[in-house]
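Two complexes follow with chain A in common, the first pairing it with chain B and the second with chain C.
Let's turn to the complex of A and B:
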């Protein structure tokens, strides 16, 4: 074999093994564990914190108000839907208070007239003319409207 | 006649869109069902999604949002989604001009033949074994190919992380046995998610009993977001 071909062969082997080494070092350990992606990313995404803890957690302290809500038209609605996420409140209830919405605009998000709202799904009201001077919660108990 | 018979013997028979998704034989296989007849357009889904998943609060970054379609009597179609529906919808078009109007909640379709997964050059976006399309934010190089590829507009560039972000179907909640935040907080239970592999699950029954439709079926994305009462005009 001519000497220039030998040198070329040696160079080729060095380049290919360098490429394979770099590829090995650059590929994360869990890559290809389940498919063409990093397997550990599944665990990382699964470990993210839960913020909406659900009404089953609220009932542990606020049992009477949850019982009241369950009798009314808002029974299917989660507490946190109006009051916001409770993940901080369940750890430090005195410090992290939840949101207590009382504006007409808040109720209007579901209850203002809109032709697109299915009539059977929700009670609708003319927000501009229905006692405009009062807050909705003056007359309607939001837990049992 | 003989020719027709010969051709029909050669060509494969059509598959129903419902079965466009190739299910795994074992384990859960998540899908979503949205009932447009129940959606009141309150925007709870969009709001809770933003909070649960730390989606940037500025407008126009959404993993989940609501659109109001209005088909007017003159035949024109008006589509609005102010702040993704988070602040609610105010009807601006008078009743007498409207032929038909309805809300369409939108989110990632978690396709089983996702265009977004196919175009990712580095394997940063993928389908989990449960059929949830996810993004590995440590591996994403921010090339935006997947944003271009998604026919449903469900991906966006995260303004501070500089990687692509999208709905995870609240994978962190599913793994803890909870429902996605948008499903739990829907006041009219218009949206459900569940295991398509389980014939007794709520979603399997929904799909069997209602006339469900997926968005853009001609693109063969294998979408697993099934709508009840979806209007033909919805894109």
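Let's turn to the complex of A and C:
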């Protein structure tokens, strides 16, 4: 066997061994436990705090507003869809106030014209030209639009 | 108004007909155009080199090493557009550490490493080994040490050892040809296997990609060879240039036939997606497909090279025609990749509408970023040519 081939074979073995070592060291311990992912990630994600509390919790204090909302077109929308997660608010309601969106842009997230959005499902409006000087909530009560 | 909404309104004005919400913005932009483009240049340049080595086309000898170094320089950069497109460069190595065997894309890392380490690096090493030993004795300073390291401590340059270099290099090249086919056929396969997209989903895709890769790689080496000789003020070997042009001509014919066959098949079949695709070709892709890819990048080079097969004007004019043709072919193949990648995302999967794409100048998916990844391989090539000048190599037997 020529000397250059011998040297290459040694180098090849070293490179492959290094790769296998790196693969061994860098593969997470629980990888492949259930499938092609890190098994421990399931428990880690499950252990994260739950931040959305659900409308059933909101109704305990804000029953009149929830009742109003249930009569309107926004009845299917969860409170926290607009107001954000309430996990802090339910512990310290005075200190941690929820988000109260009032901008035109916020309403536009769902109600701006978009050809890709089914018109029957969501009312659509030309946000640029429909009373541009006013806030949407001046005329529309967001809980019963 | 919130700039986000301005953007949405602007985007919506460019939507034609009905499209799904997630189709407004293109997920794959110019960096994904560059990926098959650069990989194609690698495979094409290598196949030109193997023409000389395996198929004994002796006239191509002056470009053998240039083609190998070009292939190597571009291969080093081939994955960069992908890594930068993903935006998570530090996760890129995970496809090697925890490979997913059912994903075509995930195995690309191994195909790439095979091609880089087992084919190109080895072939270049065997070809340069004797010179590295000689240069490590003659040079001084850092260069001397670099050459010394690259010899891997094997200083035997006896005729027998050199003969072994030849033999082993030949074996590597023979393995390299199917590997080059694999590398680029693979890129075509990734697109061709996306069954949801009628513009991509065709079994012809790997073959079309392969031949267009050969076209672009050969054109690139031809242009580089002309430019290098111009810079070095050396006389060009016209027999070599004529031979490259002859092969370029043949391969363009095959490529043109394959691509036409694919389109004719589409036209004749006229499946449910045909209406939107014909609108795409005559509308959104009119400039990039019909003008840039087919007319500028294929028909003009085909006519020019075809003309030169029958009539040979003087050397200066021929050189000029080859240079211009080479550049046109490179532009044409770039637009071929563009039309595949961008074109495939312009129409809706509903077949009822189009979105549009405008290339931005800056940003991670912008023109400047793409330009960087097109310029870097040339800088690497310049460095390689300076470190391992082919014109200072001792003559080889093959």
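Criterion: the second predicted complex is superposed on the first by the 100 of 145 C-alpha atoms of A that agree within 3 Å, B and C clash if a C-alpha of one lies under 4 Å from a C-alpha of the other, contacts with A are read in each partner's own complex, and residues count from 1 in each chain.
Heads up, the rule we're going with is that a contact is a pair of C-beta atoms (placed from the backbone, for glycine too) under 8 Å apart; a residue touches a chain by one contact, two chains touch by 3 or more.
Quantities reported herein were computed from a predicted structural model and do not represent experimental measurements.
Touch criterion met: A:31 reaches chain B and chain C at once. Number of chain A residues touched is higher for B, counting chain B against chain C.
When the two structures are aligned on the shared chain, A:72 is found in touch with neither chain B nor chain C.
Residue contacts after overlaying the shared chain place A:114 against chain B and chain C alike. In the overlay built on the shared chain, the residue A:41 is in contact with chain B alone; chain C does not reach it. Of the two partner chains placed by the overlay, only chain B lies in contact with A:81; chain C stays clear of it.
By the document's definition of touching, neither partner reaches A:93: not chain B, not chain C. Residues 31, 36, 105, 108, 112-117 of chain A contact both chain B in one complex and chain C in the other.
Of all residues in chain B, only 37-44, 48, 51-53, 68-70, 87-91, 95, 98, 101-103, 123-129, 134, 136, 138-139, 168, 171-173, 175-176, 178, 181, 184-185, 187-189 touch chain A in the complex they form. Chain C contributes residues 1-2, 4-5, 8-9, 12, 15, 18-21, 23-24, 93, 96-98, 100, 117, 122, 126, 129, 152-154, 156, 160-161, 164-165, 168, 353 to its touches with chain A in the complex. Residues of chain A that touch chain C in their complex: 2-5, 7-8, 11, 15, 19, 22-23, 26-27, 31, 36, 103-105, 108, 112-117, 127-128.
Across the complex, chain A meets chain B through its residues 28, 31, 34-38, 41-42, 44-52, 54, 74, 76-78, 80-81, 84-85, 105, 108-110, 112-118, 121-122.
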